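These notes open a run of structures that come right after.
Note that subunit A is present in both complexes that follow, paired respectively with subunit B and with subunit C.
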Partner chain A sequence: MKQLFNLFLFEYALSSLKRRGAKNIFILIIFFILIFLLSCVFFISNSIKYELNLTLKSLPDIVMQKLQAGRVQNLNIDRISKIANIPGVSEVTPRVWGYYYFKNAGVNFSVVGVSRFSPNYKKSIQKIVNKFDKKIFDKSDTMIVGDGVKKTLEKNYYNKYFDFIEPNGGFKKVYIAGTFKGATSLESNDIILLSNKNARKIFGMKNNEATDITLRVPNPKEVAKIASKLELMYPDSRMITKNDLKISYNNIFDYKSGIFLAMFIIVLFTFFIIIYDKASGLSSDEKREIGVQKAVGWKIGDVILQKFYEASIISVVSFFLAIMFAIFYVYILDAPLIRDIFTGYSILKPAFKLPFIVDFQTIILIFFATVPLYLAATIIPSWVAATLEADEVIR
Partner chain B sequence: MINVTKVNKVFNAGKINQTIALQDISFNVKDGNLTILKGPSGSGKSTLLAIVAALLKPTSGDVEVDGKKIAKLPDNFASLYRRENIGFVFQKFNLVPTLSVFENVILPLIPSNLPRVEIENKAKKSMEKFSIYHKKNDLAKSLSGGEQQRVAIARALVNDPKIILADEPTANLDTKLSTNFLDFIKELHSEKKTILIATHDPIFFNLPFVSEEIEVIKGIMK
Partner chain C sequence: MNKILKYFVAFFSLIIIFLGTEVTYLSFQNKHKEEKNIFVKSIGLPDLSISTEVRYIRHRSLSDIFSIFNEDPVSFSHYLTTFVYAPSNVVNITPNTIKVH
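Moving on, here comes the complex of A and B:
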């Protein structure tokens, strides 16, 4: 009586893999590295894109910056009332913010001034302000810091306060009144929130100055028109729309993934050498074995099934191992080394946790980009050898 | 019953290196008979055996086994025919050197998808019959010539085929091992197997239990 599954054929395929152990282990390792790297790229990029999208969602529709000699300058907040009168603009907020270079750790913090009574430009920041309202504004020299900042400061023994160096060389001692976790890690990690007054002091700005002005435009179709109107009104300023920021963020990210791609191509190249080696024919031993199999009564289908089992074992085992390792590496270990390729930018520099974003579409895409290719490269030459007359092969 | 009728085989037909291997070969082997195909090396004996085993297709002519035409069988049917009817002992044994004795012997049974116990029993029986069971876990490449031949015979007979074809079975053996092989053949003959042996070894000539000797020289039957 015949069995449903030919266990002996499967065992034969296993033993065949074992017999050519060194070669198959090499292929398994290359295949593993390829899928592992590919998965890491996808997992990290998915996570960062998810973070970026969340960040972009909360950005203002238009940011107005004053330029002088091509560089961004502080602008006077007197223009706010005029801008607020433009039809279609629902909210105009002056921002006081900038980067503060923390030499000890070699990182930039994003210092953001917040206001108690006027609305803040971002919902997430407004939420934090509401939560820490008293801590920021009741005492004069306090700040609320993101998780990443807190950790960086603690590492340098600034557990309770931090001494900012002002542009005039003086020190501004500001106490840590609380820490927060933002909606996204990218957003929250390097941010320091303090009152506009203190922020201006740290940056050496006058009381009627702001870094830039943000606008809310509820109708997305009006954004471009309002931006061009503002450019006419203020020829010394440039308008950055949310769409511009989106393109800019994506460009930065794509550039970084490009570097990684170059590294990945090397592995891919090795993979194709293996495929080429497989596809260009079998060794004389392998051909002879197929000839013997045919001579003792194996059909072409039996030979192909054996080769299919062999190729499936190698590719599927590598695939699942690589996916599991990639998940562990990216989401548990936080992708050391590889993540640095994606994140070299100041706002990304402080440690942040990659959010767990694994979609099955990505995994299926990786599967179909690698496994069937290898299966075909293994099976086709075997099929060619199996269709030859057995006598021709074993003589 | 094997009927070979006007079989011709031309290799590389129409090319500069065209070789006429067989010309108008006709003979028959009755069930249970032992027939010797004799002739010098390169006379076409192996080609003739390969055609009877459906390992090779003749350029023209017919081969019938038990009334079924096998000369032009499609590949899959030819494989099935070999699996069910033929036990082939090759000149160089054609064992897979990196497989164990057991794995080599069960090779013809693997595609049949039989239960494990049945496969193991058949293999054991065949190995015991040819005194190679004690070496079942040894790799084929580690065996002596005589042992390899016994494995090749055990593999050829594991399916209990009706027809046994042997191509120069003693070419790689010394006199003692050749005599042993002759004993195996005698035993198989007594079991009423149809046997066709291609050889130029005189040890097989003029034996009392041989039904017929057919001489082939340069592809032509004498």
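Moving on, here comes the complex of A and C:
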């Protein structure tokens, strides 16, 4: 045990760090910024991935979209009865959804239609809606909006209702029955939920048209077979299965993405400058110190151990400090400045409340990409100096 | 144990204690899993509304190749978030089935 950890050498290493205080604090700060930036971006991207996968099981098993000339087109809802007859399909829903551009604020809302507000549907939706007004909700022209939509409408003096402009230039007045709870803000911020009838009116769609068709297939083993059957039935349409969505979710950040490449290059470049500086040799002061240590009887092992302690203190302290601040910054302060990279130029910004997950894989990756490199870059030149004769080093 | 070592141990323990408290506090926070699932089930649409600047980022998993190369077949888009989020694999799913009679 005494061999593994020498308290006196550790104390000496601390004093030695204090002696060259300014230089070591500078290295500690650079190291801190480097690990902090890396871990912030990794934490945010991992949490976004986690948030996506959290609701994967609630998505429809198959989404059918009609494609024409590479673009998604509306499809005819006559298909439903034929699709419903396929064995294994439990539910077929034609869906009407799209984007509505609100010119005054310069934002796009996602307008989603639902076939009917059935008692069951109402019951489940009440759990996720704030300020739910049942009286308004029972009227025909009502909608439930996301937090961001509500705020934007209020800014434009639409407190109780909103006038949608139809494609023919007419107005469609729809009352606000409630707002989705803040907890679902990451999913619901830009959503307007209303009846299919109203959604069709707003989009100027015919009654027999739908944006896409969703299917529920209770047996997951049958999904691929049913999708291929549908492809044969409707060669103009593509089927997006839950598995495709899962792959899509997991590929959201590939490391070819510009942001990660940019981050990595900057961070690693800075880091390698420090390492280059360290590895290119010790300063004459440091060399002389090693010479004196050897002259008074230190062994090569002692010198290396002392340098190892010094490098470990700097790298491990800055590592834990950076991880601590990164968690605080991302999950408690909601990542100011860095969140703008992930929200882009969009005007409707949701509350950036990301779910917290401890991703050991990422933390270990960051640790092994930085700490051992720094240790090696500190120890190797000291070892070179320590192997020389004492008088040679001092001279 | 000299003075510097005492300070160091105190400082390092403080970091670890703070880190531990932070992780414990955040781990017990409600992730609102049930509410989010009810929402997604009632809407049926994938993806998050983190960024709404482009439709193929907002509804990334339901987008098509045309919306990505909207301006020109060789011009990739120039929005900030298209630099962050990779295009979905779904854009490559195009119908090309031969109907067997």
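The working rule: the second predicted complex is superposed on the first by the 306 of 395 C-alpha atoms of A that agree within 3 Å, B and C clash if a C-alpha of one lies under 4 Å from a C-alpha of the other, contacts with A are read in each partner's own complex, and residues count from 1 in each chain.
In this text, a residue touches a chain if its C-beta (ideal position, glycine included) is under 8 Å from a C-beta of that chain, and two chains touch if they have at least 3 such contacts.
Just so it is clear, the model here is predicted, and its values are computed rather than measured.
Enquirer: Taking the superposition on A as described, I'd like to know which of subunit B and subunit C A:E289 touches: first, second, both or neither.
Expert: first
Enquirer: Return first, second, both or neither, reflecting whether A:T93 touches subunit B, subunit C, both chains, or no partner chain.
Expert: second
Enquirer: Return first, second, both or neither, reflecting whether A:V63 touches subunit B, subunit C, both chains, or no partner chain.
Expert: In the superposition, A:V63 contacts subunit C only.
Enquirer: Which partner reaches more residues of subunit A, subunit B or subunit C?
Expert: C
Enquirer: With the two complexes superposed on chain A, say which partner A:V107 touches: subunit B (first), subunit C (second), both, or neither.
Expert: Second partner only.
Enquirer: With both complexes overlaid on chain A, does A:S15 touch subunit B (first), subunit C (second), both or neither?
Expert: Both: A:S15 reaches subunit B and subunit C.
Enquirer: Which subunit A residues come up in both lists, the one for subunit B and the one for subunit C?
Expert: Of subunit A, residues 7, 15 contact subunit B in one complex and subunit C in the other.
Enquirer: Any idea which subunit A residues touch subunit C in the complex?
Expert: 7, 10-11, 14-15, 18, 48, 51-52, 54-55, 57-60, 63, 65, 67, 69-72, 93, 95, 97, 99, 107-108, 110, 112, 114, 121, 124-125, 127-128, 146, 148, 180-181, 183-191, 193, 212, 214, 231-232, 234-240, 244-245, 247-249, 251-254, 256-259, 313, 317, 320-321, 323-324, 327-328, 331-332, 341-348, 350, 352, 355-356, 358
Enquirer: Flag every residue of subunit B that touches subunit A in the complex, lowest number first.
Expert: 50, 53, 55-57, 75-76, 79-80, 82-84, 86, 88, 90, 94-96, 98-99, 103, 106-116, 119, 155, 159
Enquirer: Which part of subunit A faces subunit B closely enough to touch in the complex?
Expert: Against subunit B, the touching part of subunit A is residues 1-3, 6-9, 12, 15, 19, 288-289, 291-302, 387, 389-392, 394.
Enquirer: Subunit A touches which residues of subunit C in the complex?
Expert: Within the complex, subunit C contacts subunit A at residues 1-2, 4-5, 8, 11-12, 15-16, 18-19, 22-23, 26-27, 29-55, 57-62, 64-67, 79-81, 83-86, 88-90, 93-100.
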